[in-house]
Each structure stands twice: as C-alpha cells, then as structure tokens.
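Can you keep this structure in mind? I'll have questions shortly.
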Amino acid sequence: MIILNVIRVYAGYFFLIIGSLFLFLGPLGILRFPDVYNRLQAGTKSTTLGAISALFGIGLLEPGWLGKIVILILFILLTNPVSSHAIGRSAYRSKVPLCGKSVVDKCEEEHIYKEAK
Amino acid sequence: MRHIFALIVVGTLGLGLFYTLSHIPFGKGLSEVSKYYVENAIDKNDPHAGATNIVTDIVVLYRGFDTLGEVTVLFLAATGLSVFFFGLKKKEYTCEPSLIVKRGTGIIFPFILLLGVYIFVHGHLTPGGGFPGGVIIATGVLLIYLCCRDYKAPHSLFKVIEGSMGTLFVIVGLIGLIVGGSFLFNFLGAGKTGELVSAGIIPILYIVIGLKVGAELSGLVKDTMEDV
Amino acid sequence: MIDYILIPLVLVMFASAISVIFIKDLIVAVIVTAVVDLITVVLFFFLQAPDVAITQASIVVGLTTFIFVVAIMRTTRKEEE
Amino acid sequence: MIYYIAGGGLFLIGLYILLVNRNLIKMIIGLGFMETGVNIIIIAFGYVKGKTAPILSTKELINNRQVVDPLPQALVLTAIVIGVAVTALALSMVVSYYKKRGSLNLSKNKELKW
C-alpha cells in the first residue's frame, strides 16, 4: 500500500514537470515562430497539453480533487481547440499573409476560401 | 509641453499620495464597525445575520437599500446605452461562422447558464453573488450572438423579467417594513448556518438581483449586437 | 514572503498600463487594459478578497472589454494625430 | 506595502493618460485605471496580516473569527458595478460624438476653445 502511495506521488510530480515544461515551450514558440498560424499552433497545442498534464499531476497529488479536475480537463479540451480554430479562420479570412517559407496552403488548393483571397 | 505639465502634476500628486499612504499602517487591526459586523456574523438572536459570507451579509442586509440604488444605476446605464446606440448601423459580416464554432457553442452554452445560476444561488455560502452571476448569463447570450448571425433574443421576455424582479425586490423590502418595522427586515430568521436554504431573505434577494442583472445586460448585448 | 513574489507581476502591470500611451491601435490598447485588470484580479485574491476578485474578473475583464470593442467597432480603429 | 505601490501607481498612470492623450477612448481607459487603482488601495486598507477571507466556512473560523475586514470589500463591490455603468454610458456618449463630428480626437473640436 505504501509503495502504491509513493508511486502515486512521484507520478504526480512527473506530470507536473511535464506540464510546466510544455507551458514553458509554448510562449517560446510564440516568440520564435514567424507568422500567425505557426504561433497559433505553438500557443494552442502546447498550452492544452501543458495545462492538462499539470492539472492531472495535481489530481494525483491530491486524490480528493480528482473529480473536479476531470471536469476541468474536459472543459479545456472543449474550449481551447474551438477558440484557436476561430482565431485562425478569422485571420485567414481577413487576409493575414503566410510567411515566406510556407510550402502548402490547403485552403487555397481546395478553393474553400476562394472569395477571401 | 503638455507632457511636461502632466509630469509635474502627476509628480506632485504622487508625492502627496506617498506621504499620505506611508502614514497609514498596513495589515493592522479591524475598525470598530467591522468588529461589530464580524462578531455578530452568525448569531441566532440577531435578525441581521445568518450568511456564512460576511461580505454578502453587509451588501444585502445591512446595506440593502444601497444595493437597490446600485441596481437602479445599472438599469439607467443600460437604458442610456440603448438610447445612444439607437439608429446606428452595424457592420455587415461577410461570412458565416464555421461548423466547429457553432457546435462548440451549443455544447458550452447550457454550462455557462448553469455556472451563472450556481454563482448567484450560492451567494450567501461561497464567494460570488447576484452581479457576477448575472454578468456570466449575459456572456452566454453574447456567445450565442457571436456564433449565430440570425439569432433574435426574446426582448420582451427580458423586459418582463427585469421589471417583475425590480418590483419583487421592493415588495420583499416592504414586507420587511410591515413585519419587522424596517425596510428589508430579515423576516425569515437566520436558519441553520451553512445550508442552502438559510440566512433568511439573502438567497431570495440574490436570485432577484441575479435574474434582473442578467436580463438587463442580455438586453444591452442584444441592443449592441443587433440592428435596432 | 508572498509580497516579493508579486513584485514582477506589479511591474508587468505598470509596463502594460504605460504602454497604452504609445499604442496607436485602439483594439490593442483595449486588450492591454484587459491584461492590467486581470493582474488586479490576482492582487485582490492575495488580499483575501475572493468576492471582489470574482466580481472584477467577470464584470471588468469581461463586460467592459466587450463594451469597448463594440464602441470601437462603431467608430474608428486607428488613433489619428 | 506592494499593494499600496500598485494601487497608487495605477492611479497616477491613469491620471497621466487622462492628461496627455486627446483620444476620447484612451481617456476613458485612463479613467478606468484610476478607478481600479483606488479600489486596490481601499481593499489594502482592510487587509490584516495572517487572517483569512471573511467566509466563515469551518468550525475553527466560526469560533475564532480570524478574518480580514469585510467592510471595504463590500464597498468596493458596489464601486465596481457603478464603474462599469459609468464606463458604458461614457462610451455611448463617445459613439454619439463620433456620429456628429466624424473624429475621436478632442483637439480637432474648435468650438470648445475661446
């Protein structure tokens, strides 16, 4: 029983470290990447994973909070991709240019936003 | 020239502020009035007490008349805003929102309403109250407006809720005047501390305030987002 | 002890507030204002006032920003000299 | 102590924005900063070191009553709501002014000078 508790605590610390690492890498990507779409990628994906694993680590350290934390994780999974999708779509519709090194533009290829360009 | 003048004014005022604030001790004891509030917070014999949250106790019971005036000021501001915005054309949107945003909003919207209602129903037990709850409900209505261009909010329903809730506030106060001798008297008693149905008229008044503020600000959102 | 942790937060708040003077795009200025108000929410929370923090977070950061954005939509976005 | 500095500094920055800028929306932003700074100072007056928030949720708190001052929090709760009402009304007046003049810049209005 004690060994199970020790494993739980160390797994909690591990998830916390993973979460804070990804939360650190997200703003770094926002600083380093060239245009809006790449920055959106860095800002959304890394913060989603970072927040989820940090919350899960806290839930492992304090097992009483695990129910609430599952609800929080579901909420983040629901809202974060939707909002970043809305930002990226509106940026494309308002003709924010892609960076010069981009090789593919699927939206233009499939003529989805033909009138926007 | 203007910058130099502004810097002189701000610097003088800053020195005065620094001098004054350095003479006020930080983190010392309570004032006399607050001692009365804190010591009589959960007291079975005092009709003015009962809520676990002392701030709610002060806002709704000790200063209930002030809260009535506050609600009135918010109502006047919303009315003034809709008067000034009347007849202005809004911008034409060129595209429809995508499917993902629409479905996501459809899933999220009931939970936003639930959160708002939770915040103002539990106002006497946990932090929160009528005003944040009402604003969160209005935020849900705003989300619906952002994702559906053709949505028309039921404006007459908002008006009916707002007016009837305002009347109900005054009626609760008048019942207190008849029963206990003062406006907004807590005629239901303190009840058992820590339960949902306790603290007398505080939950009733916070539900009234929350619905009124929510309907008011939803009407404001409707006025600003639609062609009037 | 907690006061020293708050010093960088307060410095960020002052920098954002001062940068409102130099920003010419009014939408960006409003977003920076929301950042300043969000930092004050943290200050209220550390001052043991959760009631005020929740009210500030919902009313000032949410509603006021919305009203500012609507007003800028009805007027101009750029600040002219 | 950092709270006094934060509140006072925010008040002074808001006053500076109000004095320097001639754009109406930025002036209203400065007004909001002044209001928020004053709120922080008032809340900081009621803070007592080592005590918790004024919510009597546990048995220990009900017996001891070791809480911070609840009165400034109640006052600031009112002030925030009034502040958003003032801001909304001022912005609607700005929109009305823009409809009449076609500019947000206050120094382009020559009729106020004498």
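Read from first to last, the chains carry the letters A, B, C and D; within each, the first residue is number 1.
The rule is simple: a contact is a pair of C-beta atoms (placed from the backbone, for glycine too) under 8 Å apart; a residue touches a chain by one contact, two chains touch by 3 or more.
Here the structure is a predicted model, which means the values were calculated and not measured.
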#### Entry: Of B-C and A-B, whichever chain pair has more C-beta contact pairs
B-C
### Task
Starting from the mean Cα coordinates of chain A and chain B, work out the distance between those two points in Å.
33
### Message
Please tell me the distance, in whole Å, between the geometric centres of chain B and chain C computed from their C-alpha atoms.
### Response
20
### Summary
Chain-centre distance (mean CA atoms) for chain A and chain C, in whole Å, is 24
### Query
Taking each residue of chain D in turn, which ones touch at least two of the other chains?
1, 3, 16, 20, 44, 46-47, 53-55, 73, 77, 81, 84, 88, 91-92, 95
## Note on the structure
Expected list for chain B, residues touching two or more other chains, is 53, 55, 81, 85, 88, 127, 129, 131
### Query
So which stretches of chain C touch two or more other chains?
50-51, 55, 59, 63, 67, 74
### Message
Applying that definition of touch, give me each pair of chains that meets it.
### Response
A-B, B-C, B-D, C-D
### Message
Looking at the complex, which residues from chain B come into contact with chain A?
### Response
94-95, 97-98, 100-101, 104, 107-108, 111
### Query
Touching chain B in the complex: which residues of chain A?
75, 78-79, 82, 85-86, 89, 93, 116
### Task
Quick one: which bits of chain D touch chain B in the complex? Just the residue numbers, please.
1, 3-4, 8, 11-12, 15-16, 19-20, 41, 44-49, 53-57, 62, 65, 67, 69-71, 73-74, 77-78, 81-82, 84-86, 88-89, 91-93, 95-96, 99
### Task
Could you please specify the touching residues of chain D with respect to chain C in the complex?
1-3, 5-6, 9-10, 13-14, 16-17, 20-21, 23, 25-26, 28-30, 32-33, 36, 39-40, 43-44, 46-47, 51-55, 68, 73, 76-77, 80-81, 83-84, 87-88, 91-92, 94-95, 98, 103-105
### Task
Would you pull the chain C residues touching chain B in the complex into a rising list?
50-51, 53-55, 57-59, 62-63, 66-67, 70, 73-74
